[in-house]
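What follows are several structures.
You will see two complexes here that share subunit A, one where it goes with subunit B and one where it goes with subunit C.
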Partner chain A sequence: MMLQNREIRRLRDRLNVSWMIVILAIVLFLPLLLGLGLFVQSGLLLKELSIWNVLFTSQWMPMSGKFGLLSFILSSLMVTVLSLLIACPVCLLTAIHLTQYAKRYVLNIMHPVIDILAGIPSVIYGVWGILAVVPLVSKYIAPLFGVQTSGYTLLAGAIVLAIMIIPFILNILIEVFRSIPTELTEASLALGATRWQTIKFVILRKGFPGIISALGLGISRAFGETIAVLMVVGNVAKIPTGIFQPGYPLPALIANNYGEMMSIPMYQSALMFSALVLFVIVMLFNLASRIAITKFETK
Partner chain B sequence: MKNSGKIITKDLNLFIGKQHILKNVNIVVPDNKITVILGPSGCGKTTLLKSMNRLTDLYPEMVLSGQILIDDKDILKAGAEVPEIRRKMGLLSQRPYPLPMSIYKNIAYGLKINGVSNHKELDDKVEYYLRLANLWDEVKDRLREPASTLSIGQQQRLCLARGLAVDPEIILADEPTSALDPLSSNAIEKQFVKLKSSYTIVVVTHILRQARRIADHIIFMYLGEVIEQGSANKFFNYPEMDKTREYLKGAFN
Partner chain C sequence: MKYFRYKEEKIFRVLMLVSTLFIVLALAIIIFSILYKGLPMLSWEMISQTPKGGFYLGKEGGILNAIIGSFYLSVCSTLLALFVSLPLALFMNIYLKRYKFVLNTVRFFLDLLWGVPSIVYGAFGFIIMIHFGLRASLLAGIITVTLFIIPIMVRAMDEVFKTVPVGLYEASLSLGSTRSETAYRVFLRQCYPGIITAVLLAFGRGIGDAASVLFTTGFTDHIPVSLMQPTATLPLAIFFQLGAPIAEVQERAYAAAAILTFFILIISILARLSSGKFQRNKINF
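This part shows the complex of A and B:
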C-alpha cells in the first residue's frame, strides 16, 4: 500500500513538473514566435523594396507603393527622448526626496498614489492630453518661443508620455534607493560629508546600475505607448524638425491604419514590417539596459 | 575617576514612538582610553553610539532629549556644524561598508570632502592611513580596483583607514569584529590598542571576552539603562551591582 501510494505521488509530482515546463516553454518562445510571425508577414514588402530603402527614406505613399518609415521612426525616437528628458529629473529628484529626506509616512502615502497613477488607462491620459496639454502648448508654451501651432505636437506627446512613464520609473527608482544600505549613508556622513554630498557621491553612484535600468525600461515602455500619444501628437507623416512640429510615431501608424487597408497586400506587409521595427527597437532598449545592469553591478 | 571626560551625556533619553530606548543615560567617556559599551543585544548600545555623532538624525522617528557634551559642547544643540562634529568621530560599523568606488578613492573621499585637493598630498595621506590600518602591503598594487573586491577583514581595515584619514579625535566602533574571522578580529583589536594613545575609542560589543581583552573603561547597559560604569579592572574584579555579577557569570547569554 505504502509503496503504491508513493508511486502515485511521484507520478503526480512528475506530471506537475512537466506541465510547468510546457507552460514555461510557451512563455519563453512567445516573443520569439511573435517576432518570427512579424518577420514572415513583412516578407512581401522586403521582396519588393530593400530594407534600407524602407528604413531610411521618408516618403509614405501606400497608393504609389512608397513605404519609407524614416519619419515614423524619427518621430518615435524624438517623442521618447523628449519625454525621458522631462521624466528623468522629476523621477530622480522625487525618488531621492522620498527615500532620503521624507518621513516614512510620506512614502507610505506616496506608494499607493504612484500605483494608482501607473494603473490609469492610457486613453484617459490621452483625453487629458487633448483637454489640458494641447491647449497648454498652443496657448502658453509655443508663444513663449514665438511659434504658432495647434498644440498637437511632439512636445504635447512627450509631456503626456512623460506623465505616463513617471510612476513606472519612479517605482523602480524608489526600490533602487531603498535597497542601498543605510550604513553606507552613515559611513559617508561620519566622514564629515553633508547629506547632499552623500547623495551625489555615494547614493547616486551605488544606485547607478539601477538608475540605468529604470530609465531603459522607461524608454522601452515609452517607445511602444500608442493610444495616448496618438491622440495628441498630430499624426502628420513628415520628418519633424522641432518639438513644436507634429509627429507620427510608429505605434500610431499601425493603430491608425491596420485593418483599413487590408485589400492592399503590400500595405499590410508594410505595417507588419513597422511592427517588427518597433518590436526590435524595444527589445534592443530592454537588452541594453539589462546589459548595463550586469556591467555596473559588481562595482 | 576624573570629573571631566571627552564625551559626557547628561540625562539622555531616546524614544521611538512610545518605546523608551535610552533611559536617563549619564555616562563619562575618558580621553585616550578604550571605553567598551557592554551589554546584551538590544539594550540600546548601538543607538547610544549613533547618537554620539548625531547619526540618529537619519531616523526622524527617534526623539532625543538631554545633553551630549563633547569637549564640553552640547552637540544636540548643534545645527550647521553637524558634519564637522561627525568628522571628529570616525565610525566603524558592524559589517564593513566600503563606498562604491576604488580602494584609493575610499580613503581619498573623506579627504576631498574636507578640502584636500592636492594630488601629491592625497597620495601621501592614502598611503599613510593604509599603513596605519595595516593594509598597505596587501593593497598597494591594486589601489584602483573597486573596494568590494577586498575580503571582509580587509574591508573592515579599509573602513578604519577611511575613518582615520579625516583626522578624527574619537573612534566609534559598533561591534566592529562581529562579521570577521578570528584573525581579522584580532588585527582590529590590536589596532585599537595601538591607536588609543592618540584617540578616544568607544567600542560597542556584546562579547565579554573582547571587553576583557581591550577595555580600559566599561559602561555596562541593560534594557536601555546604564547599570554600572567604571574602570575595567574594577568592573571585572569588584562589580558593585547584582545585575553586573549576573552578567559576568553569563546569566544573560
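This part shows the complex of A and C:
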C-alpha cells in the first residue's frame, strides 16, 4: 500500500514535469513560429516584387499591384520618435523624483497611478485622443505655429502614444535607478557633492545603459501600437513632411484594410508582409534593448 | 558658481515635480473626459439589449452583445492561459532554478514575446485560422488572445515566484514531497495573492485589446451561442461606432468607452485588494 502510494506520487510528478516541458517548448518556439508563419504568408508578394521595391517605394495602389510600404514605415518612425521626445524627459524626471526625492506617500500614490495608466486599453486612449488631443492640436497648438489643420495629425498621434508609453518606460527606469548600489551614491554624497550632482554624475552615468534600453523598449512598444494611433493620426497614405501632417503608420495600415484584403491574395500577402516588417523591427529593438539591459544587470 | 549649483538643483526639482504631477494629471484627465462624455449617454437600454434594426443609424438597442462577447472571450482565454502559464512559471522557478543560463534564456524569450505588438498576434491568429480552415469566430479569437496574454501572465507570475525564499523550497523537499507537490501545494499557496494579481492583469489586457481580435473574431449583433460563431467585443464596438458618421452612434461609443473604463478600473482595484487579502496561508520570513 505504502509503495503504491509512492508510485502514484512519482507518476504524478513525472506527468506534471512532461506537461511543463511541452509548454516550455511551445512557448520557446512561438517567436520563431510567428516569424515563420508571417514569412510564408508574405511569400506570394515577395515572388512578384523584390523586397527592396516593397520597402523603399511609396506607391500604395493594391488594385494595380503596387505595394510600396515606405510612407507607412516613415510615418511609423516619425510618430514613434516624436512620442519618445515627449515621453523621455517626463519619464526621466519622474523616475529620478520617485527614486531619489519622493516621500513614502508619494510613492503610494504613484504606484497605482502608473499601474492604472498602463492598464487602460488602447481604444480608450484613442477615444480620449479624439475627445481631447485632436481639438487641442487643431485649436491651440497648430495656430501657435500658424498652421491650419483638422487636428488629426502626427503630433496628435505622438501625444497619445507618449502618454501610453510613459508608464511602460517609467517602470523600467525606476527599476534601473533602484538597482544602482547605494554605496555609490553615499560615496558621492560623502565627498561633498550635492544631491543633484550625485544624480547627474553618478546615477545618470551609472544608469546610462539602462536608460538607453528603457528607451529602446519604449520605441518597440510605441512602434507596434495600433488602435489608439490609428484613431487620431489621420491615415493619409503619403510621406509626411511635418508634424502637422496626417500620417499612416504601419499597424494602422494592417488594421484598416483587413476587411478588403480577403478578396485579393496579393493584397493579403502584402498586409502579412507589413506585419512581418513590423514584427522584425520591433524584435530588433527589443532584442538590442534586452541584451543591453541584461549586460547592465550583470555588471 | 556655488549658488548656481543650488539654483540648478532647484530648477530641476521643480521640473521633476511638474512631470510627476503631469502624469497624475494625465490619468485624471483621461478618466474624467471619458466618464464626462460617456456617463450621460449611459442608459439601462445600452447595457441590457443587443443592437436592434436601426442601431447603427442611432435608433434603439444596446451593446449587450459586445459586453457578453468580450466577457466570453477574455474569461475563456484567461482560463486557457492560466492552464499554460501557471505550470510554466512554476517549472521555471522550481526545476530550472539550478540552471541559471537556461532560466535566463527562457525569461529572455518571454520578454521578447511580451514585446510583440498585439496586431502581429492578430495577423498570426489569422494565419492559424485560415490554415485550419476556421472562419472568424469566438474560438479563433480565444486562441489569439490566449497567445497574446500568456507571456504577460507568465512573467507576472514569475516575478512573484522569484520572491519565494529557497528555505521554503528546501523545507518542503526535506519533508519528502516531490517537486511538483512542492510547486502546487507550497509555492502556489505562498504566492496566492500575487497569482491572482497576475491573472487579473492578463484578464484586463485580454478584455481591452482590440488589435489582436480585429482579424479573428469577426463582428456580429448577436450574442454568440457556440465557439464557432463570430462575436462582438467591447473595444471593437467602440472603435466601429466611433467611426460611424452619425452623432448618436458616436455618443454611444463614448458610453461604451465609459463601460470599458469602468471594467478596467474595477479590475485594477480588485488586483490591488487581492494583494492585501488572501494572505492567510502565507508564511512570513
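The criterion applied here is as follows: the second predicted complex is superposed on the first by the 282 of 299 C-alpha atoms of A that agree within 3 Å, B and C clash if a C-alpha of one lies under 4 Å from a C-alpha of the other, contacts with A are read in each partner's own complex, and residues count from 1 in each chain.
The working rule: a contact is a pair of C-beta atoms (placed from the backbone, for glycine too) under 8 Å apart; a residue touches a chain by one contact, two chains touch by 3 or more.
The model shown is predicted, which means the values in this text are computed figures rather than measured ones.
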*Once the structures are superposed on A, label A:L117 by its partner contacts, choosing first (subunit B), second (subunit C), both or neither.*
second
*Considering only the touch criterion stated at the top, classify A:S50 as touching first (subunit B), second (subunit C), both, or neither.*
neither
*State whether A:P89 touches subunit B only (first), subunit C only (second), both chains, or neither.*
second
*Please indicate which partner A:T194 is in contact with in the superposed arrangement: first for subunit B, second for subunit C, both, or neither.*
both
*So, does A:S263 touch the first partner subunit B, the second partner subunit C, both, or neither?*
neither
*Which partner does A:V202 reach: the first (subunit B), the second (subunit C), both, or neither?*
first
*Look at A:V282 in the shared chain and tell me whether it touches subunit B only, subunit C only, both, or neither; answer first, second, both or neither.*
second
*Once the structures are superposed on A, label A:S64 by its partner contacts, choosing first (subunit B), second (subunit C), both or neither.*
neither
*asked:* On the A-aligned overlay, A:G126 touches which partner chain: subunit B = first, subunit C = second, or both, or neither?
replied: second
*Could you pull out which residues of subunit A sit against subunit B in one structure and against subunit C in the other?*
194, 197
_Of subunit B, residues touching subunit A in the complex_ = 50, 53, 55, 58, 60-61, 83-84, 86-87, 89-91, 93-95, 97, 99-101, 109-110, 113-114, 146, 148, 159, 162-163, 166, 172
*Residues of subunit A touching subunit B in their complex?*
103-104, 181-194, 197, 201-202, 205-206, 298-299
*Report the residues of subunit C in contact with subunit A in the complex, numbered from low to high.*
5-6, 8-9, 12-13, 15-20, 22-24, 26-27, 29-30, 33-34, 37, 84, 87-88, 90-91, 95, 104, 106, 108-113, 115-124, 126-128, 147, 150-151, 154, 178-181, 183-184, 201, 204-205, 207-211, 214-215, 235, 238-239, 242, 253-254, 257, 260-261, 264-265, 267-268, 271-272
*Quick one: which bits of subunit A touch subunit C in the complex? Just the residue numbers, please.*
9-10, 12-13, 16-17, 19-21, 23-24, 27-28, 30-31, 33-34, 37-38, 41, 89-90, 93-94, 96-98, 101-102, 106, 109-110, 112-117, 119-128, 130-132, 163, 166-167, 170, 194-197, 217, 220-221, 223-227, 231, 251, 254-255, 258, 271-272, 275, 278-279, 282-283, 286-287, 290, 294
